[in-house]
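Chain lettering (A, B, C and D) follows the sequence in which the chains are written, and residue indices restart at 1 in each chain.
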Amino acid sequence: MRTDASEADLTRVLEVIESQGFEPHVSRGVERTVVGVKGARERLNPDTYSGLRGVMQVVRVTAPHKLASREWKPQDSCIPVRDVQIGRGSLTFMAGPCAVEEREQLLEAARGVKAGGGQMLRGGAFKPRTSPYDFQGLGEEALKMLAEARDETGLPIVTEARSQAHVEVIERYADMIQIGARNMQNYDLLKEVGGCKTPVLLKRGISATIAELLMSAEYVLSSGNDNVVLCERGIRTFENATRFTLDVSAIPVLKEQTHLPVIIDPSHPAGRASYVPALARAGIAAGADGIIVEVHPDPSKAMCDAAQALSMETFAALVSQLKEIGAVLAKTETT
Amino acid sequence: MRTDASEADLTRVLEVIESQGFEPHVSRGVERTVVGVKGARERLNPDTYSGLRGVMQVVRVTAPHKLASREWKPQDSCIPVRDVQIGRGSLTFMAGPCAVEEREQLLEAARGVKAGGGQMLRGGAFKPRTSPYDFQGLGEEALKMLAEARDETGLPIVTEARSQAHVEVIERYADMIQIGARNMQNYDLLKEVGGCKTPVLLKRGISATIAELLMSAEYVLSSGNDNVVLCERGIRTFENATRFTLDVSAIPVLKEQTHLPVIIDPSHPAGRASYVPALARAGIAAGADGIIVEVHPDPSKAMCDAAQALSMETFAALVSQLKEIGAVLAKTETT
Amino acid sequence: MRTDASEADLTRVLEVIESQGFEPHVSRGVERTVVGVKGARERLNPDTYSGLRGVMQVVRVTAPHKLASREWKPQDSCIPVRDVQIGRGSLTFMAGPCAVEEREQLLEAARGVKAGGGQMLRGGAFKPRTSPYDFQGLGEEALKMLAEARDETGLPIVTEARSQAHVEVIERYADMIQIGARNMQNYDLLKEVGGCKTPVLLKRGISATIAELLMSAEYVLSSGNDNVVLCERGIRTFENATRFTLDVSAIPVLKEQTHLPVIIDPSHPAGRASYVPALARAGIAAGADGIIVEVHPDPSKAMCDAAQALSMETFAALVSQLKEIGAVLAKTETT
Amino acid sequence: MRTDASEADLTRVLEVIESQGFEPHVSRGVERTVVGVKGARERLNPDTYSGLRGVMQVVRVTAPHKLASREWKPQDSCIPVRDVQIGRGSLTFMAGPCAVEEREQLLEAARGVKAGGGQMLRGGAFKPRTSPYDFQGLGEEALKMLAEARDETGLPIVTEARSQAHVEVIERYADMIQIGARNMQNYDLLKEVGGCKTPVLLKRGISATIAELLMSAEYVLSSGNDNVVLCERGIRTFENATRFTLDVSAIPVLKEQTHLPVIIDPSHPAGRASYVPALARAGIAAGADGIIVEVHPDPSKAMCDAAQALSMETFAALVSQLKEIGAVLAKTETT
């Protein structure tokens, strides 16, 4: 309460709390009176109280997400995608071109991913593009090529659903559905994939807080789909030497707050290939469960995000480095 | 080009430019060689070049949006919504509750908006909420109430489409479709409303640059809908004394770069009602074409965003102040 | 406390609170235990508690600044600079060149400021520059020119102290000492000017929160100098269409939290002259007590920040507009 | 140039360029005319041109820092601090308490740092604190304790100069002078330490771009002190789950642009000890040359930043992990 709040203001606040079925608790300090609200946290809405006369500040002391929380499920979750297990101690490397462009090229990329130590293949069929004049992806045709690449290499495939309308067709072909950063708060899309059985890769929005990422995961979990993997892919800050700022701190924070696996995408924040290995190593060293990275058999010919795709050789060398870093972490945790 | 780029690197860059049908132009400085690319700007993709060996930096010197640009259409656009004209010198005041909750309350709000000098009624039927456990709106039932309020007061109505699936039903009832901040880069939704005849109110995403806002407007315009009004509603920054930071500078920047009208939403960045009038006045003084603001007959009872809703009395006083500020600006521009 | 905190953890927290002379207060909820700490707020340090086992979050409910707070002094302060009164209902217009460069030019600028309705003259003698190779100001020579300009026009002068070493010489010539954005947390400099009798113009750092700005004002006030004017001059965000983002919301927030006057600098956030009038109007409309703006008799010849200086004609027209906007606000507040 | 720029506008721009002794170069495209400026980059000031009529945008194609640039000195620099060599392939671990508080405690910490594998001792004698009511450090008394700890353990010491006035006394006792984040743009302080022989640890400001950090290093280098080590310590963003956002991408960017060593401070961005090891590992994995970390013999008793100090046991385990990660990187670089 504000220092200038009257007893009448306080009484009104207590009435509102009780009218919503919660129990108020008053604590008077030297300069402030603090009112606690006890009750089921999912139903509590701070906005209800912050508008009342005399209220200075409303502070939440319980996390508003429940199913995603570490308190709800203390042990790490492990998300199965075909025979790949994401999380709980294993490292998963997903790689592929930004967009699926051409059949032969995709197959070549898939073989390179497999040979380089990757366990999953990524590739965009429906691309979200800032400009309406940019290449928007090949749609179902791309999905067919991805499925063919999986059949040949055995790598499960992950691809992005840009809209609810894409979910059905993607489920038919893909093994994991990606929700892109721009759609992290597209709640109808989240509920749609929450109704699927296919695992979901949920990317953090470029200006979403970690708390909001967990609330978006909660949309999927509370709609019935337990298989969610989170992905940190860079946030927007004032620094523009890189395209986005990889928030590597998000990894230990998420590991503390949620049981869901966390991977990183080093390609989009880097914006150029030469920074990608450093960011990938940083992510794994910080405790991430894997990476999703853009590779291309001939990076200079890629139709989108050419600057940030790794060559197949660099990818293979990177995977080997990441495994060694993972081994350093694993060793210390067990002793 | 980098200073360590070889002649072979340069030759390769020139080849790629020519292979895409553009004309390269080489300029050698004391320390740098700069290569210009001439051609139709919509097709130019900086990523194509930034990945090439020896390239240091790719800089765009033409804006990538075309239909939204001031260069394309030098005169201010005026967007008609029923008999309200938005832009080109007039001020438009849109107001209403955050969410439509109850028929009698909405009608009361609509009468208050009308009486207070408002020209349009806003109200949420489909609410995007961070938490899946929060109230998500009454859907079509709310649209019917809004239509009834319009029929009684004559105020055209604007309401948000959270998903492509909502567009058809909203078109049936509403006079203007709002695209919310979280959906500014939901490109399928933008194309969907681009195919409508109903005018569009496009809100800036909380981490979208002004350039990206214009690219999103370009999605709507290039899909065939010319009637787009832009809305600045606060961006996410490190400052948390307010919910978002109203980027008032966006108004003169947009006025310079686009012919589309620009309004501001002072309610969401403020986060509390006591800051709303100051932000509304700032927006109009900076040259905005109007505001969209949350009001409520009894703010403390609102189910969402209670803290930021203005009472009907404050709204009426604010409208009167804004008109006077508008008159100050108009006087100077004509003399 | 965390949900997994033990009774022993709680006991230890209570002991630490008591050992520092404060009184603990325990409140047990359904899911959380909350511990309140009562005592003199200036001595409370959240860090002391956040490191203890079992502690989840430490929240301050009293503002850590005292002398600057509205609770300490409910009425608006009025800061006298010679015969100019800043704050408490009056509008103050400070203007002048970014840097003092040449005697004749400065006198010409000062006459223009006076003629255009300005009440104070600004001009840099010691310039903070990002690059060591840029022009750093003329030092004492510039101060002498400023004093001459004041003697001729009667305009009190304000100029920046970049370092403690400058304070003494600036006090000899100037009427108000400016602390620039880069030095807002140069605490030794703050204490130095806190020991002066000359009023202080304290600019907000580009990444300082409003709370930190008030803490920096507290350094000056608690060192004995009561005459502090705050200045919002733009914060650093992801948006780069303007040089900085003018945080216009800071004005109503500061007006609520402090009794000190608040002015805005529209020149530095704008980065170009064509945006300056819109930002200046926004600031006054939001409730600012004045502006400090860069002007130049011939903007294209200025040695620093040329792009953002207003011509004398534009300045005069702007002052006239700002007075009218101020009149609109004053009228409503009295009725 | 803008598309609406006249030939007269262009002529004026060319005149200004020539009047400053540079050579203009005109290139006419389909929609734009681009004017190049050739000449010594240190003297070029974009502001000179952006204010001219008809100019749309001014873009720098050469970096404004020179002595710090990789182009100036392609090989990694190695900075000697007594017998410790920072950079060029070796990892340096600096550790110690946030503030020096008590002699016995400091000696205990120094022994712990030595035993745990640290090579340098840190400790604050002059603390910059947001609040004037917080503990500000013991000053010269603390420096004497630090020197005693060095004499006993052999660890060179690094401590912060908060003001020019501190530099002389710090030089008498310490082996490396730290410039804190708040002072990164305190140019007089930078020039002061630029005149010293003692090596400088320059921390990045919380809202400084990488380019600005390099310009601040340029102040020190161009004043005559070649021994500068850069430190990434977190930037301010919208995310507040951690105190600051460690910009791990800054490491590969700096490694590309400068020859100076780069270390990271994982303690300040983390804000709590449990996140520190993850951030430290991320920094080393991204290619940093070392870390500077806060440790305390009894973290819960520290007077400042208690929440983020590591215990001596955690520090020792961390150093061992970091060495192993360093070995993974070294192996790949040599093969």
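Here is the rule we go by: contacts are C-beta pairs under 8 Å (C-beta built on N, C-alpha and C of every residue); 3 or more make two chains touch, one makes a residue touch a chain.
Worth saying up front: this structure is predicted, and the values here are computed from it rather than measured.
> Going by the stated contact rule, which chains contact chain C and chain D alike?
Chains in contact with chain C as well as chain D: A, B.
> Tell me, please, which chain's centre (mean of its C-alpha atoms) is farthest from the centre of chain D?
Farthest from chain D by mean C-alpha position: B.
> State, to the nearest whole Å, the distance from the C-alpha centre of chain B to the C-alpha centre of chain C.
31
> Cα centroid separation between chain A and chain B, in whole Å?
26
> Using mean C-alpha positions as chain centres, tell me how far chain B is from chain D in Å, no decimals.
39
> Where in chain A do residues touch at least two different other chains?
207, 236-238, 240
> Where on chain A does chain B make contact in their complex?
16, 42-43, 45, 47-48, 50-53, 64-65, 128-134, 136, 162-165, 182-183, 185-189, 191, 205-207, 212, 215, 218-219, 222-223, 236, 272-273, 299-300, 302, 304-309
> Quick check: in the complex, which residue numbers of chain C touch chain A?
Listed in rising order, the residues of chain C that touch chain A are 3-4, 25, 27, 29-32, 34, 36, 38-41, 56-57, 59, 61-62, 71, 236-238, 240.
> Which residues of chain D touch chain A once you look at their complex with the stated criterion?
207, 209-211, 235, 237-242, 245-253, 255-256, 269-270, 274-275, 278-279, 281-287, 317, 320-321, 324-325, 328-329, 332
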